[in-house]
């Protein structure tokens, strides 16, 4: 039967030809898709935690997990078993319902994003017309989970930690969303498959490297990874919003963070680095998984490298970096890309219809947009240099005036 | 898949996605030991007993950051359809979008130069 | 009679969420619980938007209300917590308010909804629906919504500046 | 599809609940949340009418979008006022705040 060759996408048709009720067959297909899409991130995360620990160990000149299973691969499973059998403490005075709900909401908000991640030309949970907006909206529920956790713990450190984190998350969501506007504008669609499809000729990262960089940086901050890891800062704040959580509930927050990092890497690849686009992907759709996860792994490792090598920033530095650098830059970037697209159209440089997938036909448009981005980068660098020079000369005056003061104090 | 089915998928997804994170918590509730005592249940406070109610006065700057975020978030209602339809829009629409962005950033610059975005 | 399919089931679930959440908002003693009920109610609203073929508005509802307004409300609740107990949730005329609310509901249902829009005739409903793309075009079209579009931006900027001026605590 | 009057019924119920909250609650933040409920009911009505009466024109969705803007502006300014009043009066109970009665 032809319908039964690709089971995931045509299960309904396959089942109804073998005599099932069409409505029921449809429902079974949806259910199968949902279970696959939900389980995939949860299974991958078990492996990711191992990767992360090995990687961090190498950087810190250790060996990392090496006892359970070959190369310590089963360490995470052992840890999960340990977490499940640990006593789960709910502090006195906590709001039980909200306290138990918060870690679940935190994981669910990340898993829900996977519904619209295009993994290959034919494998996507569901290709919504408003896919890009869907994952922004669903992702923003995660902020609420942190607020719920911090409030329901009935602990002032948890509440203060939650407030700081939420202020950080909502601030960094603005450049995040503005960066997503650029691929939406270039592809002329919010559907994730359309966005990937529009990159067959040229990756959007080439057309607007600034947007890609802003997306990566703000995604790094959204997941609370170093240098923006004020969410945890376990060595300075007493762990922040999840201080009262123990056992499996703590583990869920932890797992949610790991899935979120991978999810953001996948989104970055889908939005800016061509997604599943690659040679022979139309003949053999399964290759899309390889391209997609291969590129995402690179960004995941880059994110790990940043996490393990950069020092933590102070919260005021972090807020300044967002409001006075990323937000204005992302707004200007959107305006410039919009302007250049009009210029490209007026000069007739856009690839002719039918030629969108051709690399050569895309070059003029790409050259114009890339030049515009390079101009912005040059101007921004010049501005930063001037500002830095001003700051340093102001600092020098302060130091020379207060000679007896320690330089460390003067810097504050 | 037609439109109804797409959203049926999301609906089923939202119903099912809860199950897998809830499962380990429910499992843990059966497996894990449960020996509460007064000291264990205490609110964590660096080894000292909790002083007073969990009442801290928060500074208003949290609210102001949330406020600026809200305004930018609402602008997205208009910017996303604009960006989506951008391939079919003319120079006039570009001007309208630019004016929109300009009016929006005005507020940001006001907050910036008045020092409301400084974190102290 | 109503046919029982995915859409009707969805409608009843989301309506229940919306009305139940709304009741939670107005009756809960704890304001944070009230805010969480508000989120539940608005989530039901997002579901209704999807059923009404306006998925864009549904996403916006979650993004703006749940992601931003609810957070802002929780911030404000934390900033204005009284040191003493709240005392009564409702004021002394709560029974009068309940009468007014029931009267409003009865008036709307008996006076407007049932006589004007009652009935199950679905034959006039068009299957074709305007898309988000068309919304984007209409918003910046010189003959349609370009003026409200700019005014919305102005209103938001004014609200932002005004709220900052009111809220900040130095003079 | 579900008939139009069912959507209107849900919206009317929500609007009535919101009215009750506005009239009976003592806490200003709770009143504000009730107003948000009422605005949300209005939005359901707008979109329902758009879907059933003129789904090809974009005015219904555009209006709903403007209601979102108004709701956001109202929440932002309203909460700011509540915070400012709290700072001077130490209370968010509306009966305690009778600034205009001197």
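Note that the chains take the letters A, B, C and D in the order they are written out, and that residue 1 is the start of every chain.
The rule we apply is simple: a contact is a pair of C-beta atoms (placed from the backbone, for glycine too) under 8 Å apart; a residue touches a chain by one contact, two chains touch by 3 or more.
What you are looking at is a predicted structure, and each value in this text was computed from that prediction instead of being measured.
With steps allowed only between chains in touch, the distance from chain A over to chain B comes to 1. Of the two chain pairs shown, B-C and A-C, the one joined by more C-beta contacts is B-C. With centres defined as mean CA coordinates, chain C is found 18 Å away from chain B.
Between chain A and chain C the centroid-to-centroid distance comes to 29 Å (mean Cα coordinates, whole Å).
With centres set at the average Cα position, the gap from chain C to chain D is 7 Å. Put simply, the C-alpha centre of chain A and that of chain D have 33 angstrom between them.
For chain C, the set of residues that touch two or more other chains comprises 7, 53, 55-56, 60, 63-64, 67-69, 71-72, 75-76, 78-79, 132, 134-135, 139, 152, 156, 159-160, 163-164, 167, 169.
Residue positions 65, 68-69, 72, 75-76, 79-80, 83 of chain D each touch two or more of the other chains.
Residue positions 128-129, 133, 136, 159, 163, 166, 170, 173, 190 of chain A are each in touch with at least two other chains. All chain pairs that count as touching, in label order, are A-B, A-C, B-C, B-D, C-D. Chain contact summary for the complex, chain A toward chain C: residues 95, 98, 128-130, 133-134, 136-138, 140-141, 143-144, 147-148, 151, 159, 163, 166, 170, 173, 190. Remark: chain B residues 60, 63, 67, 70-71, 73-74, 77-78 touch chain D in the complex.
For chain A in complex with chain B, the residues that touch the partner chain are 26-27, 30-31, 33-35, 37-39, 42, 80, 83-93, 100, 103-104, 107-108, 111-112, 115, 125-129, 132-133, 136, 153-157, 159-160, 163, 166-167, 170-171, 173-174, 177, 181, 184-185, 188-190, 238, 243-244, 247-249, 251-252, 315-316, 319-320, 323-324, 327-328, 331, 334-335, 338-339, 341-342, 346.
Those residues of chain D lying in contact with chain B across their complex are 65, 68-69, 72, 75-76, 79-80, 83. Residues of chain C that touch chain D in their complex: 2, 7-8, 11, 15, 18-19, 22-23, 25-26, 31, 34-35, 38, 41-42, 45, 48-49, 51-54, 56-57, 60-61, 64-65, 68-69, 72-73, 75-77, 79-80, 82, 86-91, 93-94, 96-98, 100-102, 104-105, 108-109, 113-114, 117-122, 124-126, 128-130, 134-135, 138-139, 144-145, 148, 152, 155-156, 158-160, 162-164, 166-167, 169.
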